[in-house]
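Two complexes come next, and they have one chain in common, chain A, joined by chain B in the first and chain C in the second.
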Partner chain A sequence: MNVDLFGYSLSNLAHRKMRSFLSILSILIGIMSIYALISFGMGLDAYVKGLAEEAGIDKLFVQAKGIGAPGTDENFFLTQDDADFIEKIRGTDQVAPLYMKAGEIAWKDEKKYRFAMGFDLENEGLVMETFAVDVAAGRQLRKGEADAVVLGYNYQFPLKIFKRKIAAGDTIELNGKELKVVGFYSEVGNPSDDANIYLPKEGFEELYPASKEKYGWMIVRAEKGTSADDLADRITERLRKHKGQEEGKEDFFVQTFEDALATFNAILGVLKGILIIIAFISVVVASVNIMNTMYTAVVERTKEIGIMKAVGAQNHTILLVFIFEAGFLGLAGGVLGVLFGWMVAAAGGGIAAAAGFALLKPVFPWYLTFGCIAFAFIIGALSGIFPAKQAAALKPVDSLRYE
Partner chain B sequence: MTTILELQDVWKIYRMGDVEVEALKGLDFKARKGEFVAIMGPSGSGKSTAMNMIGCLDVPTRGRIFLEGKDIAHMSESQLARIRGKKIGFIFQQFNLINTLTALENVALPMIFQNTPKDKRLAKAKKLLEMVELDDRMHHKPTELSGGEQQRVAIARSLANDPEVILADEPTGNLDSKTGHTVMDFLRKLHEKEGRTIILVTHDENTARNADRVEFLKDGQIFKRHTR
Partner chain C sequence: MLLDYAKLASNSLKKRKTRTYLTMIGIFIGIAAVVSLIGLGEGLRAAIMGQFGFLGPDVLGVQASGLNFAGPPGTAVVTPLTDDLADKIERIPGVEAAINRYLESGTMEFNDRQVIGFSYSVPEGEDRKVFERMLNLEVAAGRPLKDGDRDKIVVGNDFTLDSMFGKGVRVGDRLLFQGHTFEVVGVLKKKGSFIFDGSLAMNEGILKDLFRKGDDTVNVIGVKVRDVKDVGRVKEDIEDLMRKERDVEKGEEDFEVSSPQQTLETLDSTLFAVQLFVAIIAGISIVVGGIGIMNTMYTAVLERTKEIGIMKAVGAKNSAIFTLFFIESGLLGLLGGAIGVLLGLGLAYGLAFAGRALLHFDLIRAQVSLALILGALAFSFVIGLVAGLVPAWQASRKNPVDALRFVK
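After this line comes the complex of A and B, so read on.
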């Protein structure tokens, strides 16, 4: 097709401004949704991938069964004996048992309930690596320090947990006991983890004497050269025997870091899938709209098609003119959809970050941008095929007679 | 003079439900190079059908149509489109300009389909509009032009690809008599000065008088010829 016919096509779209605008708007909404949703999905994937890279694939978790967060069900727990036993299993490099209990935290005249975690500072490296945090402000806890806490990232800011921010050196109350805040951990990216309270093992045991040596879960690091999966199987089998439990009736379970992420990814995948299907439906609706616009255009321009054929336009030229027009509607909707999708996702990411969900950070790779635009153009052009075929098949003698 | 267009025993039969309507019944017609011929007839005589056959806008049910010695009666639509674009220039009663394009773009349009480069196309379209004395209106759209001006644009467009035959279908039918005369003057000039072959289809005797020869059509056949 002569490129100058593109100009003719564009002048036709410009001539029917409102209809063209509505068709563009319909595809814009679909592409905007797809672009924003995929950018969030990719951001989440990147977040999970980053977690896996930071925490490493050599870690696994041994967790007491029970309802709710590990350690919150009093009936199920892991003991120091379990920890010592696991440490001796072939392939185990290090074991870090963790306490976890809900606690009442009071600051100024406010009270909140959040999770308190206690761990032996000897295992500091393994715990910090697994949580993918470091000290963001103040200092780290010290072994045996019974009246000190380190707080999660969000406590440093007003209105995130308490109305007033907490600073290193402040004193808070946990279950009625005064504790000095010595530092803050860096941001995890979700409001739950960023509201945790961390204590040294000794401090935790003073606060929760009944829970002494009753751990909610343990982090295990596999030795170099030992696969986390193999070690997980070995720990399950040995610990079961050690505890004298039957297969399938253990009061604990072992999960590798990768398993935990896989579960998370599976849920994420289903969620993303549902959202993207909804977005695709809106694109299908948009394509029907474009098809309708183009069919109307063919009827309206029947005489014009006849004129073009009379002055030498061949069927394939007419076909291309209409496909190009439909494709251009798609293209314009795609470009604007990506632009608005970017704005929506960037604004949404900003709002999510402000609300403590830093993990909801959209990413905008070039191939997503170009992919969405190309997809919109193709959808538009495909929607134009049937109307274009109808236009191309018109007999000049009949079209010229059309009023 | 060499024969440029010839219809031999051309029939066109339309089927309307169970009824067959014979619009052309063995039409014989011949136009020589450089000739100005008018086909005249009352409404329902088959004029429009004859024009569609001559202009390659439709194919006959039976018979043969020769353009420069080549039988085009049963060619495909794409082949006919190529022939129309190169060999035939149309002037319609309704002007049939494209309203979204300017006069200049309308005149240049047939050249797009022949892949004429843009600069040549625009230069020629300008020259043709100058010839029909519309050089000051070339950037106006058809809706901004009078009927006479629109028809002059159509005349310019019909010449865009230097066709062998100019086919004018009731070119003055939508114009007042004065404007109609102006349009016919342009057509006659094309014939007399440039030696163009013009086939005029009309029901109007005064318009037909411009032609060298008039063929009278009735019931789908030529029944009388008159040469000036």
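After this line comes the complex of A and C, so read on.
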């Protein structure tokens, strides 16, 4: 029975090719934009989640307050004494203080300004884990190596930062001092972090003597069995007392890795939400189009409905016929929309990766594809309800008489 | 003549009320979305630009190169400027004044609460007047700084709000900056810029004594050019001088001379790009609405096949039939657009009002220009016309005999 209805709906749609095509086209466009936007959004979520998993939930950041990026405000900084103190707090496993300053890097007649970072190689594991990088080419820095530097991923390629690429073994100038490039870290996925310059603590202190033991921020790892949140509270309280500061007047703040991501996630969530709502408007318009098509179909087939009813078709059969038809319009639009959306997102992801934003990588899980298609079908069927009700409510005698 | 067509078209639209309404809903949802989003975007952009747009076109800034987005000017640099440069720049013809500017971040304490912010220096002597004019500094209460003021400061307008320290700062109050006690002698007029409204000013002498002992570095050099026409030439002269002073080759400068106007343009184009992206995504729904119009017109042509046959039989030309359907379609678009603009206006101002009330974020403003309204109307009319093109052409090409014989 239902198979018959289905066939009848299909043949009706085929009969009005142009109109069906246009209705499908309109839902297709809406679904396409939603599918593409969500696939990018989910890709970003996966990226952030990956960061959290790689870096782990046992990390905290202690950061000096002040204005601008950490390390750039010379009036606010953390000291070696702070680091030593935090190391002794119960629950702290390891502390990695980090230097961060603007650096002038010169390579073959070109000069750029990027962040230079310095850390003690004793803390190598913790730092690399937090930045979610490993050595992609060449080798790691060595403790005490004052004339060596490791560069971010993008320096290895021409035109990304400098016109010409840099290879391991080349010599660059940093703030006027010649340094040997010993290696490169792996890709982080955003153009800012992939342009960082990494130095051993000793080399950094030679380049920035005034900043010796003035750290912008520190990475802290909590001991096994200590929750990062508890440790964050403990560090805030103990360090405040150690520095003789009052509550609310600290010149530093402590954040867990999850807190840091949560802020980022919240902003990301709002942006995604706004874009998807805006794209959703086109689906609403498309559903109005389907409704319109179906109203027209009902008017056109008034006589047909009369005949069907005269030979015994029940109201709910007529209702189903028209809902099927509308649903099918939605379904077809959904399938095609997902297909085109996939193409658009894949192309967009390729362009973003080429521009250095590898973090903008769309993902296409099966449930997104399935969900979009189901959504399109439901939207179509819902749009068909009012016209279908109208059709079902027609009186057989009146409709037979309709011209 | 054209009016007759319009009348005929609107009559046939009235006959099919449900379909006409639904088709128009399709268009007006999209237009309302685009108008309100662009309106909100424009308002936000204007508000953000207002944050920085108080410097005139005759002002130049000299800074050391570095990561200038990473903090206040002159903080994330590699080789800072030195304080001897301003005098040299001042000797360039056409320069009215070159002023060393010092910024110092620190803790501000009042009412037992602490806020991190920064103070900026006000030059003493003759340069004071130029500087006040350059930054358009006027006091709303109290008095401006004068030569010889030591532990006196003038604060930005946000200091008077309870939100900053839990209690508004008044003239005569005492405030701690980096542990030093200062007396507030004046409050500046509101500039609409969170940077200026949230920072405090003190005389150059005291700032250097307290925070810059034995330090010859400067954050920025502000240059006031006498005649706006000379700005381009003066900029080049400053660059030449700086290259010589800092011993760098052309193309390898470790400093930047920029006009605030330039900085504004960069910011503006970024904001515009964001706005455009949002508008394009919203614009998709207008395209979908256009497809709806096309669909409706195809149906209308089909329905009225017999009518077209009769019109042709009594002598209507192809062009007349074409115009009839073409106008009907354009009218659908225009009407939808008009309703959409009205809705969009309501949405934009309503959302901006709600946003300000709920989020207390003063930058959320709507600004719907006449150009936007007319543009939206024209766009919806054109979408209607384009959507009607093929159906109207098909209608006009119908063979009268076949059309008369057509049975639904």
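Convention: the second predicted complex is superposed on the first by the 399 of 403 C-alpha atoms of A that agree within 3 Å, B and C clash if a C-alpha of one lies under 4 Å from a C-alpha of the other, contacts with A are read in each partner's own complex, and residues count from 1 in each chain.
By our rule, a residue touches a chain if its C-beta (ideal position, glycine included) is under 8 Å from a C-beta of that chain, and two chains touch if they have at least 3 such contacts.
All values reported here derive from a predicted model rather than from experimental measurement.
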Query: So, A:A346: does it touch chain B (first), chain C (second), both, or neither?
result: neither
Query: Is A:S33 in contact with chain B, with chain C, with both, or with neither (first, second, both, neither)?
result: second
Query: When the two structures are overlaid on chain A, which partner does A:G66 contact: first (chain B), second (chain C), both, or neither?
result: second
Query: With the two structures laid over each other on chain A, which partner does A:N75 touch: chain B (first), chain C (second), both, or neither?
result: second
- prompt: After superposition on the shared chain, which partner residues are touched by A:K249: those of chain B (first), chain C (second), both, or neither?
  reply: second
Query: Once the shared chain is lined up, is A:G312 touching chain B (first), chain C (second), both, or neither of them?
result: first
- prompt: Of the two partner chains, chain B (first) and chain C (second), which one does A:A146 touch, if any: first, second, both, or neither?
  reply: neither
- request: Return the chain, chain B or chain C, that is in touch with more residues of chain A.
  value: C
- prompt: Looking at the overlay, does A:A279 come into contact with chain B only (first), chain C only (second), both, or neither?
  reply: second
- prompt: Do any residues of chain A touch both chain B and chain C, and if so, which are they?
  reply: none
Statement: Per the touch rule, the chain A residues reaching chain B in their complex are 2, 4-5, 8, 11-12, 15, 303-304, 306-317, 395-397, 400
Query: If you look only at chain C, which of its residues touch chain A in the complex?
result: 18-19, 22-23, 25-26, 29-30, 33, 37, 65-67, 70-72, 75-79, 104-107, 109, 113-114, 116-118, 178, 211, 251-252, 254, 278, 281-282, 284-285, 287-289, 291-292, 294-296, 298-299, 408
Task: Would you mind writing out the residues of chain B in touch with chain A in their complex?
output: 52, 55, 57-58, 77-78, 81-82, 84-86, 90, 92, 96-98, 100-101, 105, 109-110, 112-115, 118, 157, 160-161
Statement: chain A residues touching chain C in their complex are 18-19, 22-23, 25-26, 29-30, 33, 37, 65-69, 72-76, 101-104, 106, 109, 111, 113-115, 175, 248-249, 251, 274-275, 278-279, 281-282, 284-286, 288-289, 291-293, 295-296, 300
